[in-house]
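Below you'll find the structures, each written out as structure tokens.
One chain, chain A, appears in both complexes that follow, with chain B as partner in the first and chain C in the second.
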Partner chain A sequence: MRDSIRNSKNNSSNFGISGWFGAWLGISLFFYLALIVLLIVADVWYVLAAYGDSPSGVAEMLDWENLWDSVKLTFLSCTVSAILAVLIAVPIGYLLSRYRFFGRSVIDAILDIPVVLPPLVIGLSLLILFNNFPPKILGWGVDSIDGYLSHIGMRITNTKLAVIVAQFTVAAAFAIRMVKATFDQIDSRSEQVAMTVGASRGRAFFDVVLPQSYRGIAAAGTLAWARALGEFGPILVFAGATKGRTEVLSTSVYLEISTGNINGAVIISLLMIALAMITILTVRVFTEKGAGYDLHR
Partner chain B sequence: MICIDNISVRAGSFTLSSISFEIEKGECLALMGKSGSGKTTVMEAICGLRDVISGCINIDGEERTYAAPRDRMVGLVPQDNVLFPTMTVCEHLAYGPRLRKWKKPEINSRIEEVAAELGITSLLNRLPRGLSGGEAKRVAIGRAIAAKPSLLCLDESFTGLDDETLTEVMEVVKSTIQREKISTLLITHQMKEAQILGDIIYRI
Partner chain C sequence: MKKLGILLGLLGVLGLCLFLMLNDENFGDDSVRELELHVAAGLQKPVEEIARQYEDECGVKIMLNFGGSGQLLAKLEVAGGDLYLPADASYVDKAREQGMIAESIPVSNLSAGIIIAKGNPQNIKTLQDLTRDDVRVVIAERTAGVGKFTHTALENAGLLEAVENGIISKVATVNEVALQVDLGASDAGIVWDALIPQFKQSEFVRVPDFDQSPNQIQATISVLISSENKAEALKFARFLVASDKGAKVFRKHGFDVQAGDQWEE
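For the complex of A and B:
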């Protein structure tokens, strides 16, 4: 694509169908890239305009100690959710990619529900699942999952665990899609050859398929992490936004906006952008260095 | 000895039935037929990669009709090799013996032996990326025969090679089959390949 763009700019003698094609590619990229970059630039500009003269004002705008707790919880919960999402996505993605079984398309559709449902609905459903299910009618003594857990001194709703459950619920659905697409690209005869040579189905998966899908799985993990970072609705409903306990950066932004502290909300937004950029770039550099072969040859 | 007795296999919309043949130790049977006639399907059934509806598959005196692919002692060379991009040539050769739990010194000497037979000793530390068509084919054959299988299945394995490489690779395969005394099932629609390698020709 880079060549097409270069052609459209520098090689005007070729300006014909290919020139228009190049322009189409280039202009599409330009518009979307500009939108994203401008979003960030606008935030930075907003903060500079507000505090350019008195940088100390930034410090006064926010409860930094509380914000630090929020950063720590965000990073921890996103990482745990992403790891859990990958752990569940790898077997499910492989199952959907390689096996044909009765009810497969129904299961496939169910797995997409977290992707298509409004986030608030997921939060509400989680709240009901953990607090009002199974109903007492079944005669099990307690009336909720949290009720069972309370016997062993645990609780999910309104705790840090709820943040992870809410993030995982959505992130895993995205990870499954991406891992399945990765497995789809790997020729299933790889496993067949490994099996004739002496491997069991599982051994063939771990020896042959998994090493080839290393990058796709890392990308799925990154996507899951990014989804978890952006998760807001389900966390607010299911985990709440108790300062210092269940507050994550996305809910911090909401809390600052709801108290009229727009400047504070923008500063936290910039922090989130920085955190996301650093994490995504780190994973990308790490996975590209780690792979001693080129999957996309 | 490989004995295929009256097997029936479902191949897409039709069923192949009454397939029977025998391959003696060290003998090569060329299974010929038009494209879409189900040659590969028969081979997959013999390798355990596809269910057999009826009949019997006997490998070295033991009934293996419903055995898992790994319990059949077959080696498969697909048309486009399907090498594992993350394994070196050496790891490809060691993979079968390692899965069959050979001892380390045995694996090492077997790698040397197979690599020398196939003329790929200088490639042992290379990854599949960048190997030429002929080299990749030799590696795929090496991977298939390293654990000393009872049956070697060549699935249109010589398609896509230029004439010079084809002759070269076929010579190597022929001498390897004779030296290792492996029964071989060659799937092809090229009469030339069948004539050079095949001792018997079976048409479906």
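For the complex of A and C:
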């Protein structure tokens, strides 16, 4: 993520670091890195201990077929949510980064609501929005969005679409923050130069700003994807924890803990970590290449 | 051109993912015979087995939605459903007050006791032991079925204050109480006995006071007013408590079930 914000400038240096400054940097990194690594090591250790007790028991601990469904839905829904989040974050991020207009700070604050709200509240609010709104007293003939959708054979609540809506609601807020930070880093003079030689604002954006911000946008997409992966509260409330329908990996973990299957829960958690690492690294590799090509063209 | 390519690529991936996700989704299509059962997470194991059995025998798909009893109730209030099976009848009472219940049948008696580490290293035998300084206690909040029971029972025994002074944490559900003790984060907690077989590092101490307690805690299955298929829903509810069907499965998983009638279509 750090790489993404620095854009075309290469800020890393080849000078050695030493003395108290180096120690400060090193110790900080070591401390936090150790915390994360130990978390994972403890999980692995816990499962291995159980495996040592009874190897076959661990294999039977999980309904693997059901878990595969959950993995598929998780991967697909996170990808959809992340792409949608990026598609909405790019224009909004640019708007917030470049324009000053009346009510901007209020809008800015509103866009942060999904970040600060407790997850369960987001889920509950989505549930109310889709099932009890618009209120009957408005006399529009329908009493809810889902009620209206049911006329065309659709429904959001308790379906896979609800998983996406819940993930998108939160992931988009994070993506917008990140995309805006990326645009903020890009000197707006480069667009102005393009515009003085006759490019429209749109042209300047697509030809000058966008090529410089691929990495930042990709990082925002990755962040959105990761947020969607960890999303739990809103999904539990809005989409439900229905096996074979709306069960994603975070739900699986919850269901396994509910039945005291701690080993199962830990195994799924490790699976999520692996899935996240693979996805993030893949995106990273692709965008490093892509951005490099674009920038040196 | 390259930018357009990237955009089209993104949209393509988006479409593909959506298709793969939704091609088997039915959006509440009524022609598919299907019931939505909202069930307390602690009852997951037996209910899952019973639902699968019912699907095989009666050809109606049971979609199971798991969660905390109160949380499910909140959701049902807003979005509706076919069947509701909380861990404690008090939630059914609450739902009935709201006019949500069409019919309900008691499923299982839950009895509470103390959960402790396997082998009972600290020799915890009675409620009195929960007030000891060296015992780290965890109990559920009043909003959980077991939490309500715990608070009332301790109050009746005159121990609530003493126990609360030594409490290291209060958690939201009975499963979290058991989990804390099972992982060794706490030494003792109060849970339903039916949970114990699932938590391998723990064992259960019966509390005589609890067994005589007037607090009868029952898991109760209810057909909801909001169900569009009440007859079908009631049929499943009867299956769930039938002595030779659901009740048998509950018993296998360590639940104390009332003897229901034999199953007939």
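In this text, the second predicted complex is superposed on the first by the 271 of 297 C-alpha atoms of A that agree within 3 Å, B and C clash if a C-alpha of one lies under 4 Å from a C-alpha of the other, contacts with A are read in each partner's own complex, and residues count from 1 in each chain.
By our rule, a residue touches a chain if its C-beta (ideal position, glycine included) is under 8 Å from a C-beta of that chain, and two chains touch if they have at least 3 such contacts.
These figures come from a predicted structure and were not determined experimentally.
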*So if we stack both complexes on chain A, do chain B and chain C clash, or do they fit?*
fit
_If we overlay the two complexes on their shared chain A, which of chain B and chain C does A:Asn131 touch? Say first, second, both or neither._
second
*After lining up the shared chain so the two structures overlap, which partner does A:Arg189 touch, if you call chain B first and chain C second: first, second, both or neither?*
first
_By the touch definition at the top of the document, which applies to A:Val208: first (chain B), second (chain C), both, or neither?_
first
_Contacts of A:Arg98 with chain B and chain C, given as first, second, both or neither_ = neither
*What is the contact status of A:Val197 with respect to chain B (first) and chain C (second): first, second, both, or neither?*
first
*Mind telling me which of the two, chain B or chain C, contacts the most residues of chain A?*
C
_After superposing the two complexes on chain A, what is the shortest C-alpha distance between chain B and chain C, in Å?_
12
*Which chain A residues contact chain B in one complex and chain C in the other?*
211, 294
_So in the complex, the part of chain C that touches chain A is made up of which residues?_
2-3, 10, 13-14, 17-18, 20-22, 25, 27-29, 36, 38, 41-42, 44-45, 48, 63-67, 71, 74-75, 78-80, 175, 178-179, 182-183, 195, 198-200
*Can you list the chain A residues touching chain C in their complex?*
72-73, 76-77, 79-80, 83-84, 86-87, 120, 124, 127-128, 131-132, 146, 149-150, 153-155, 157-161, 206, 210-211, 236-237, 240-245, 254-255, 257-262, 294
*chain A residues within the chain B interface of the complex*: 187, 189-190, 192-200, 203, 207-208, 211-212, 292-295, 297
*Can you check the complex and tell me which residues of chain B touch chain A?*
47-49, 68-70, 72, 74-76, 78, 82, 84-86, 95-96, 99-100, 127, 129, 143-144, 146-147, 153
